[in-house]
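Chain nomenclature is as follows: A, B, C, D, E and F, assigned in order of appearance, with residue numbering initiated at 1 for each chain independently.
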Amino acid sequence: MKRIAIYAGTFDPITKGHLDIIKRAAKLFDKIIVAVSESKHKNPIFTREERVDMIKNSIKEINNVSVDSYSGLLMNYLKKKGINTVIRGIRVISDFEHEFQFALLNKKIYKNIDFIYLMPDEKYLYISSSSVKEIASYSGNVKDFVNNYVENKLKLKFKKT
Amino acid sequence: MKRIAIYAGTFDPITKGHLDIIKRAAKLFDKIIVAVSESKHKNPIFTREERVDMIKNSIKEINNVSVDSYSGLLMNYLKKKGINTVIRGIRVISDFEHEFQFALLNKKIYKNIDFIYLMPDEKYLYISSSSVKEIASYSGNVKDFVNNYVENKLKLKFKKT
Amino acid sequence: MKRIAIYAGTFDPITKGHLDIIKRAAKLFDKIIVAVSESKHKNPIFTREERVDMIKNSIKEINNVSVDSYSGLLMNYLKKKGINTVIRGIRVISDFEHEFQFALLNKKIYKNIDFIYLMPDEKYLYISSSSVKEIASYSGNVKDFVNNYVENKLKLKFKKT
Amino acid sequence: MKRIAIYAGTFDPITKGHLDIIKRAAKLFDKIIVAVSESKHKNPIFTREERVDMIKNSIKEINNVSVDSYSGLLMNYLKKKGINTVIRGIRVISDFEHEFQFALLNKKIYKNIDFIYLMPDEKYLYISSSSVKEIASYSGNVKDFVNNYVENKLKLKFKKT
Amino acid sequence: MKRIAIYAGTFDPITKGHLDIIKRAAKLFDKIIVAVSESKHKNPIFTREERVDMIKNSIKEINNVSVDSYSGLLMNYLKKKGINTVIRGIRVISDFEHEFQFALLNKKIYKNIDFIYLMPDEKYLYISSSSVKEIASYSGNVKDFVNNYVENKLKLKFKKT
Amino acid sequence: MKRIAIYAGTFDPITKGHLDIIKRAAKLFDKIIVAVSESKHKNPIFTREERVDMIKNSIKEINNVSVDSYSGLLMNYLKKKGINTVIRGIRVISDFEHEFQFALLNKKIYKNIDFIYLMPDEKYLYISSSSVKEIASYSGNVKDFVNNYVENKLKLKFKKT
């Protein structure tokens, strides 16, 4: 039986911290599906297609990882796919507090779900998509936080606006 | 002397967690007033009248509970009513951090106020009005989190929009 | 029906913060029983009798408060007394984290229990029996934290040792 | 060599808590620059000029404090000024959690930076610009939280809207 | 390649919460080694042999789980075994704070280590070996927290002392 | 007027994290006194003299730092020395929670005191004297956490016992 896990998020955009989690998860599972949530209410600066494209570019050298996208509740997406293992990256302590509530609520709705928490390398513990966007919006250097492809997309995005 | 306490909130909408707190408070006090805050800045999806109506429907079997509503600062409402005991439900640890600041600020303004913190049953520790709304907005099942009357109102609300 | 609540603790020794909680609780309930836990494993510096005596001295002007003591689990004491309402004072945020775990564990053992959390006046938010003992052990001034009777008992205790 | 430090923020408006931090910092350094961030994304209710004006009025009796303003990333402002010591006020525990992430991210971008954390007097531990604005918006009394000049500006602001 | 992970701890004694984590881990990995730390400095009430015995009894129906024991640093044990994946159960938020520090310190010593955090079922979120011991020491009922075999060992242990 | 600050602690033993804080403080003040608390109740493994000696060895290249020691309350030591500025290093979030209580209690006793919180370099965020001792006690490598002199003292200490 193949072990498959979902790593879901908005990925607006994917950071080196996300990639670190994906690589760790890819070693633990036979297959990882990175699932891009539409997350309209979060007003992402990149379209769902752009976010999927940046992830595809970032993971092309990892064999057992694919990208998908969904809208609505994560739980409904999991049920549709028949997968009940969810990878979560944890960066700071406050993250976990929210994670706890998220996990317990979701377990109320979908009993069989299993959450697996992974911690990125120390270098990536303080990076978030939103801090990357803030820095990029002021032409700050984000080379340490995202890969080249994403860095260029950020530059183009903030030139346009 | 009658012991009266206020249980204030936005209640957008009232959840089974809120109801659990109301029932616990009703055993401790002679009278509980559930006070619906207008909370315009929170952009509630239900009007103040709808929120009051859902609470009225939910508490009709508890004798010593009534519903009221107010706008503006809780402290001003308390002063107007001449009541200085406030019931607060606490769900998660992060809640309490905010509660602390809220309580100390309010005590600066209204010295005599007493905050009483109650914890709902474990089943309701992870429910919030906002998670209920998110689940309902994607036609998710909220039966475990709100009663039938509220469930129907949520269905109608999300059909309309 | 009389509303009775237990306020349990080690009280080694009782502080002005404890007294503030007792006074608030005494306004909310018909009767408060301050229950001194033997707490052998905490190696209290005062005997159970001394701790009871200091509380008795401190509450003599509050009509509806009495003092009792117990050893073993709080839950067993509550069952024996037929009381299921427990007052808890909360001082700092970290307190509450421990409280959460304590409450949920106890509710597993004794379903009907109700925990009521009260916050002392801001002046007493940072006082604990252990910090009082540490200060007193170095002949520091503890007048702000305990009443005269307790202050003298602390002086005697640290003279002896 | 003169010791200079930056105290940056939105100051919408400056509170007595901010002032308390400024006074403490002014004793530790030869010169303090209070740097008003434009913070467009926070939708401040006062313009940058109004915020600078209120600070100028509040600090006029402290010799070694001046006011400046900037837009964009704090790090870029620090580099431009050639200053790498940043004063941060900490009010509640949750503050510090955010501070930690902020500090570590900024140190990634600007290695030499030094963050100095100061705690205001206990009286100001629970005051924030946003709670001051909320209270003022309902004509609540904010005398304890801001000085007279700011109080009047708040009254004018909320009369207009 | 077989995926093996270590689940290390003092297990004084093993609880239903530990067992829940073991079962979740056993679904994710080809093999789980439950590694009992001697933990002399924690003064366990059960000998290392007794703790191993209770685990063996508890896991006998799970095929891919074995029990081992070690003394000294977890990192040294991992190196000796050539395993770098460590399962950690997380129960409460405060747990995670300690976990963070533990993980980062260990990664400093043993770069390749991967920590995997799993959350037990909600029922077991508030159980710890130490609370089980406290309850059992007063002849409290621990049936909900440990299995029959462990329950009997606890009874014998507290009869003796 | 010379700006002098105290950096007090048990330093059992001094770590690279402590040293990082001392260096940062030495840039901000004219003089730093590292004050070794006797801390009998913490059962330090090194005598007060050994701890002072290790610090002296570690700071010999920093001109404006000296070492002293004291027993009893920090506040009494500060009063005796006529110094009211105290440097505190903060490593993890939980640190700060305790710091808050410590600061507020001390300010109650000694009004004029000023606490200055500094954060060590990211590399040292997860180091504590107690984790260093635990690792050293099992002959683990502590080169990254303490300097050579202290490393040797740790080796000698754990050989003896």
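Just so we're on the same page, a residue touches a chain if its C-beta (ideal position, glycine included) is under 8 Å from a C-beta of that chain, and two chains touch if they have at least 3 such contacts.
Since this is a predicted model, take the numbers as computed values, not measurements.
J.: Just send me the rotation angle from a CA overlay of chain A on chain D, rounded to the nearest 5 degrees.
T.: 120
J.: What is the chain whose Cα centroid lies farthest from the Cα centroid of chain B?
T.: Farthest from chain B by mean C-alpha position: F.
J.: How big is the gap, in whole Å, between where the Cα atoms of chain A centre and where those of chain B centre?
T.: A distance of 34 Å separates the two centres.
J.: Centroid from C-alpha atoms only, then distance chain D to chain E, rounded to Å. What do you get?
T.: Each chain reduced to its C-alpha mean, chain D and chain E end up 48 Å apart.
J.: So which bits of chain E are touching at least two other chains?
T.: Where chain E meets two or more other chains at a single residue, that happens at 93-94, 97, 100, 104, 122.
J.: Where on chain A is chain D touching in the complex?
T.: Residues of chain A touching chain D: 92-94, 125-127, 131, 134-135, 138, 140-141, 144.
J.: Which residues of chain C touch chain B in the complex?
T.: 3, 24, 27-28, 85, 90, 93, 96-97, 100, 103-104, 107, 114-119, 121-122
J.: Show me the residue ranges of chain A that touch chain B in the complex, using the header's touch definition.
T.: Checking each residue of chain A against chain B gives 72-73, 75-76, 94, 97-98, 100-101, 104-105, 108-109.
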